[in-house]
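Below you'll find the structures, each written out as structure tokens.
Shared between the two complexes below is chain A, which pairs with chain B and chain C, respectively.
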Partner chain A sequence: MRYYLLKRLFLAIPVLWLLATLVFMLSRLLPGSYAAESILQEGNGYYAKGSAADRATAYQQYLIRTGQHLPLFYFSVSSGATPPDSLLRLLPEAAQHNLQQLAWHIGNWQEAYTFWRTLQELQLHAGPAELQALAPFLQTITTTTNVQQRVEAARAIIKYDTASPLARKLYRLALKLQQQHRLSFMIPSLRWHGTANQYHKWLTGILHGNLGNSYRDSRSVTDIIVETSANTFWIIFISMLLTTLAALELSIKLMQPRYKQWRKAVMPLLFLIDSIPLFVLALLLLVLFASPAFLQLFPVYGLGYGYGGQTRIEQITHTLPYLVLPILCLSLAHLPYLVNQFYNALSAAESMDYTRTARAKGLPYGLIIRKHMLRNALLPIITLLSDFLPALIAGSVIIETIFAIPGMGRLLVTSVQARDYPLLVAIVLVVAVAKVVSHVLADICYAYADPRIRYQSQA
Partner chain B sequence: MKRLLYNFRQLWLEKLIFRLVTVYLALLVVLVLVLPWLPLPFAPNYLDLNHIFQPPFANVQGAGAAHWFGTDALGRDVLTETLYGARTGLFISLPVVITSTFIGLMLGAGAGFFGDNQLRISRAALLLSPLLLFPLFYFGLYLPLHIQQYHLPASYMWLSWGTLALLLGISWLLHLVLQRLAWFRYKAAFPLDMLIIRVIEVVSSVPWLILVLLLASFMPPSVMLLSLILIFTNWTHTARLARAEMLRIKAMPYMEAGRALGFTDARLVLKQALPNMMGPVLVAFGFSLAALLTLESTLSFLGIGLPPTIVSWGRTITGIRSNTSAWWLVAFPGGFLALTVLALQTFSYYLRLMLQNNSKI
Partner chain C sequence: MRKLQILGYSLLLLLCFCSKPNRVPDEVRVRLTSDPETLNPVSYTTAGSLQVINLLFQSLMAIDLADDKIKPALAATKPSIVQQDSLTYITYQLRPEAQWTNGSPVTAADVAFTLKVLKAPLLNNERMKPQVAFIHDIIIDKADKRKFTFVCDGFTPEMELLTGDFFILPAYLFDPEGKMEAFTVSDFAGDNSARENDEGLQNFAAHYNSAEYARSKDLLQGSGGYVITAWEQGQYLTLKRKDDWWGNHVDDNTHALTANPLQISFKIIPDNTTALLALKNQQLDVLENIPAAEFNQLKADKSFTEDYALYTPNSYEFAYIGLNSRLPKLSDKRTRQAIANLLDINSFIKVSQQSYATPTVGPVPPSIKPYYNNKLKPYSYNLQKATALLQAAGWQRKADGWFKTINGQQQQLTLEVSYRAGNTVFENAALIFQQGAAKAGIPVTVQAQEGSLFSQKAKAHDFDMFFRALSGNPFVFNFKPLFYTSYANDGANYTGFGTPESDSILDAYNVAEDDKEKARLLKRLQEILHEEAAFIALYYQKDRLAVHRRFTNLKISGLEPNYDVSSFKLQE
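Up next is the complex of A and B:
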């Protein structure tokens, strides 16, 4: 048994690894990062007051601190015209684009980089007045794809400042680039980066139990997740318990012949509830029970803080009113499906011989269901419950966002909005692991529910 | 297919609710199609800033026309938003469901039909095709995209594709040459079933909503990209179903008869098996469409995936978060959404019931 379970956990590792790798790669490959948005943009965030150069330095330091200046993978294949990652990654995205464009047009990144550096130096050494006068030419020379225009812009810069050696150099380079127009960008080049890459660092970090740091506040991802997952865990655990018990009781009641009239009323009602999306249901309950316009029975948002007393019981009694509505929503939304499935499982057991025997013995019907049919319908019920956990996790994303509960679901939504990738990857991993664990738990429960099931290791 | 139509007619005649639901769905489709030509008093996204959070059915002075369903925080008419939200929802969900059902059907049916050792490919092709993946990606996708991004002349794009065609031609010749050697000519089994099962396993190892949220975070909000993400994550349900159905159908006598008559694999799959699994797939289609409508509005409610300029049910419903007493922001779009989902689920439910009953006889 133990061996079998270990084997199952072991087999889940490739899937988890593949998922995590895919997510990691996708998150790093696509353009647009948190840093570029919060640091480089003017009038945005902490660095709003600084000059462009200050912001660029802050950006570079940030990239190095978070390890984002490294290449992505052990090797990379890109066009031969692309500058290597060690040059490119430290630049802001707009500059990366300009340099790349130049390199692809020239077909040789070394020459493109010399030209681009000269241009940067020229801009760095120019005074404010000069910069303003040269702005249109500098703009042209950095963004144009036309060789002639580039040379003319360089000539215009020289005309403005004939003494500057940098301007001369720039003009010379522009002339030199004029003659070149190569197709070498067509040829792929393979670059080897070794272990100094983001993926390697991330993977070894995970193997050491370190999931990285959040982009937003540089806190350890593990700490953040441990902090938030407790709330989510309780919400999911309580609603799972509540839904299962309610669904069991309800389906047992509905099975009995004397509640036949109920069945006609309850089943369509459940069908109706099933068709209401979770977030609409949550908002409807919120409007009905927690808004000043109707009944204000419950507090609306958050978990209430600062007030929580010293003992655990005081804390629980304080937070409980905040949790009533979220848990109710989550349970109610998933109740119809479970009742329906439990009912089907019990119906299947009803047509069995042992049920007939029990009836012939004269047992009351309620007892037959509880003692005979339920025990036999347990296997499909366990399967259902193990599939039920992911649905609850997805539901908690919506519920926590609506009721502003500081849990993992809300964390997921805010990290998606802020593109906090280390946190996102970690949350996805936690969710995937939770799913694997729920399947393994289901396996254990199968063995308890039906002693005939033995997990033998078939070598 | 004929039986499906027969089932449909029988349901129509027997069940009043089924008739009702079908009429509702048909009317919804018509409404969505003719919506831009309807004489609505307000355009979608029209801001009536003088009348914000207007309760419904109130008589307003100076608004030009009445806001029957009230207005939201920016004075947008909830009636217009609700109707156009249906349009957005269906315009996104329907193509996504059709595409993902098609993909799922093909992959699932293929996996079920060929299994792990039915599909045999010569070793030459088996070796060459992974090698071709790189040029396919590099010359077919990477170079053209960058040529466009860096404003290189468009002729280079053709050059890139030309190179790709050349490489494909060369590898075809190489394939022909290798075929002359016995070792390469040997047809090895291709584990299609295992491959597809593994992919499904990876895609479904995280709940749907969370996977979509995650993928949407990598890309800028746009209808096109969101649709691609939804297709990529939604095909697995149909694939699982189609695989199971194919495994069932494969054991049927008529498949054996077809095989004995010497039908090709393509004919067996397309003409014999696929029409016979249309029923369950259609049922899944209905449920899938309902789930997508829900997911689309959930995403736009969370403000993820869709650009904020696009009218949708979820966007209107989000307005409640700034004013919890504006119940009409939830009630009307949410009610419409729930009603549509209910109709789709009822439709599929009856269809499934009928299919089950008929297959028993």
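Up next is the complex of A and C:
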């Protein structure tokens, strides 16, 4: 058994690595970045706080300072028409987007870049009246996928200002691009970046136990996660325990013939609870039990003030009232599903031969359920519980936001919103590790619940 | 018996839940929507952190929310400005009383140190750096260590505002070893890539960029009236008034230096409904940005209004519609005017703002009477006019919509309206517009876009029509970044608005000195904007906030954060 578990843990490592790598890559594909949002943003529109050029320079400095100017991975495969990163990085995001599109349509980035530069220069040198007249054509040239339209628009620009050498150059280029072999963007090109890439840095950091620093407050990601995960852990752990115990007791009770009347009342009630979305349930609990309008039993939000110098027990009794509603909410939300599953598992066991035998022996029904049926129904229940974690974490995102509890769920949301990649990837990694651990725990529980599995794995 | 026991225990449990935390009587409890993350006065990012930093640190000039005027804070008076050739010299004098937390005086050397931190490479200062890029050097008066002059490149009207608008850092705390003394401010002007290899600067950067300078309560101590006493990440942040703060002894009335409440607690509550409940439970003293529908409920609630006063100051934030005038289908201004005539601004205000807004004709707030052009009328829904304008623009009405031949191709007039996802106000407005446009035969699709994507698309001019909000102020109206033609290519002029006349007005406004001339120019600009209908201002919002009645001297204002918590006094 021990060997088997070790093997499972060992096998989990490549899965974790793959998962983290995927999240690392995918998170970088989100539009916008933390720096772009905070540095390149114009701010309020009544006056300029610094010119666009100064902001662009500051942005470049930020990227270099934090190592985000490096390529993402060891190599990149892209269309042969894609301009190299070293060029794109120097441009504002919107321009990057336009140039890339142009390059794909044209099929060759060098020519696309010359064309794009000419277009930029033309706009830079045009007066306001000219710009106003030419804007629709300029827009067409930048965005159109139709070669003919681009040439037409370039021709229209020349018509407006026949003397402009830039307009002539643009038209010449447009004509030339018309003859281009436009399928060349289909040919992939492989670029090798070596170890000077963001992924390599991040991976070596992880191997040294360093998950990086948060973009937002430069704190170590490990510190932040350790600080916030405790709250989430307790909420999830207690509510999981409560839900499981309550679901077990309830389904056992509902199995017994003397609670038949109860079943008619409890089942529809559970269905009703199940149909309420989690955030509505949370707000409902708040309005019912934390509002002066109805019953003001619990505090509304947060975890209360720490006073310092408290003993552990004082701390727990102090924060407990704050945790009652969140835990209750999370438990209630998942109770119906679990009861239903447990009840079904028990029902399936009820029609088995051993149950009939036990009944024939004259055992009381409660004892039959606990001694004979439950043990056999446990296997699907364990599977269910080990899969329960993602749902609980998804739930904790909502719970922590509504009840204003600082935890991993809320951290995940804010780090996604702020594009705080190091934190985002680390949280996903932690959740993945928790998931792996819960699977291993499930394996142990299987073995405990069913000796046959124990013997098989030893064999 | 056992049941009784259980009942007894549960009652005990309930009783202990009923306890409320004790608190200091003149503590003010304010809600923040998110953790401030960093309280570094240079690299902060959120409005919440700015509100807190304003209590810890001070800038040379500050806004007095009592009358929305800029007044001297660390500076003793307004600066004197001299223009010479292509340079502008802005001279400030610091207040003689001004002190850091350790009692040492605030001097021009601290200002010079601050500028170096703002401008140096390698430091976490990229957000603020562009704002002071025009300050070339600082000259410290030899005789008076509290007097200094900023040497600035060129001149723009907002320079005065910008030179007074950054927090001054204490050199003794931020650079105890004096590593930055090896540099001058002019070392960091222009291209300073050579300095990046300097060991002293690298050491300082490693030290300064650490999380300590974002969060430590021992380091984040400025000349302001408060110090941090506790900060539980994601939960609360508590500030305590300094004993015998220097600002409370400055006598004249020309400043906004206050530190009245003994303690200020910022509670971090992300969810609006939770915050409202906390307010009703009297666990908060101030709540701003209350949703309109809830605000009306609170207004009707007698027991609530006994304890809390509600305010609706006119804010400086306005909603506008951008039409992409660079698109061939929208390049004719009559088409844009037709669309503007399909906007039902009054319905927008009624439905999405519950009437807590004032319609406006342009970006100048109606509350700034001398500059607001009241001869213009905001656009209202007028189907006939819209149809006539579309026909005049060359669109032909067919069974399934409006068609026109553009660049040799038959094109239908359709619009995709986008807004930042999660903004229900704009969602409602977009749906109202969709209905109105459908009556005129223009198919409209409404699309919510994730924040970054939305701003990226606007910058790339990749949109038909969008709803956005902009926040301004009552002091500077330099609309150049928004409306100047050359800012359409790479700047904030997303709609591509601009005529030769509007450009010359924007240039003329920046050099105009006389108020009458400024008013004339701005009024004409509003006319052009109205006529061009690419940037269609809709309404100025009213902010909605509640403050506990035990406080007075609130300084309610339309400027963020709508009140000055440092000036709150207990009701006698």
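What we mean here is this: the second predicted complex is superposed on the first by the 308 of 459 C-alpha atoms of A that agree within 3 Å, B and C clash if a C-alpha of one lies under 4 Å from a C-alpha of the other, contacts with A are read in each partner's own complex, and residues count from 1 in each chain.
Throughout what follows, contacts are C-beta pairs under 8 Å (C-beta built on N, C-alpha and C of every residue); 3 or more make two chains touch, one makes a residue touch a chain.
If you're wondering where the values come from, they're calculated on a predicted model, not measured in any experiment.
**Student:** Answer with first, second, both or neither: which of chain B and chain C does A:401 touch in the superposed model?
**Tutor:** The answer is both, since A:401 touches chain B and chain C.
**Student:** Determine, under the contact definition given at the top, whether A:283 touches first (chain B), second (chain C), both, or neither.
**Tutor:** both
**Student:** Could you let me know whether more residues of chain A are touched by chain B or by chain C?
**Tutor:** Counting contacted residues of chain A, the larger count belongs to C.
**Student:** Per the contact definition in the header, classify A:95: touching chain B only (first), chain C only (second), both, or neither.
**Tutor:** In the superposition, A:95 touches chain C alone.
**Student:** Output check: A:366 vs chain B and chain C. Expected answer is one of first, second, both, neither. What do you get?
**Tutor:** Neither partner.
**Student:** Considering only touches as defined above, state whether A:30 meets chain B (first), chain C (second), both or neither.
**Tutor:** After superposition on chain A, A:30 lies in contact with both partners, chain B and chain C.
**Student:** For A:54, using the defined touch cut-off, is the partner it touches chain B, chain C, both, or neither? Pick first, second, both or neither.
**Tutor:** In the superposed model, A:54 contacts chain C only, not chain B.
**Student:** A:391 contacts which: chain B (first), chain C (second), both, neither?
**Tutor:** The first partner, chain B, only.
**Student:** Just to be sure I read the superposition right, which of the two partners does A:139 touch: chain B = first, chain C = second, or both, or neither?
**Tutor:** second
**Student:** If you lay the two complexes on top of each other, which residues of chain A touch chain B in one and chain C in the other?
**Tutor:** 30, 32, 97, 283, 286-287, 290-293, 300, 401-402, 417, 419
**Student:** Across the complex, what residues on chain A touch chain B?
**Tutor:** Touch residues, chain A against chain B: 15-16, 18-19, 22-23, 26-27, 30, 32, 77-79, 97, 100-101, 104-105, 145, 183, 185-186, 188, 271-272, 274-280, 283-284, 286-287, 290-294, 300, 390-391, 393-394, 397-398, 401-402, 412-413, 415-417, 419, 424, 427-428, 431-432, 435-436.
**Student:** Could you please specify the touching residues of chain B with respect to chain A in the complex?
**Tutor:** 134, 138, 142-143, 146-147, 149-152, 156, 159-160, 163, 198, 201-202, 205-211, 213-220, 290, 294, 297-298, 301-304, 314, 317, 320-321, 324-325, 327, 330-331, 334, 337-339, 341-342, 345-346, 349
**Student:** Where on chain C does chain A make contact in their complex?
**Tutor:** Checking each residue of chain C against chain A gives 14, 16-21, 34-35, 37-38, 45, 121-122, 124, 126-127, 129-133, 156-158, 161-162, 209-211, 214-215, 230, 232-236, 267-271, 273-275, 277-278, 280-281, 283, 324-328, 331, 363, 407-409, 450-453, 455-456, 459-462, 470-473, 476-482, 485-492, 496, 498-500, 502-503.
**Student:** How about chain A: which of its residues touch chain C in the complex?
**Tutor:** So the residues of chain A touching chain C come out as 30-33, 35-39, 41-42, 44-52, 54-55, 57-59, 61-62, 65, 92-95, 97-98, 120, 123-124, 127-129, 131-132, 135-140, 142-143, 149, 152-153, 156, 213, 216-220, 224, 227-228, 283, 286-287, 290-293, 296-306, 317, 321, 324, 401-407, 410-411, 414, 417, 419.
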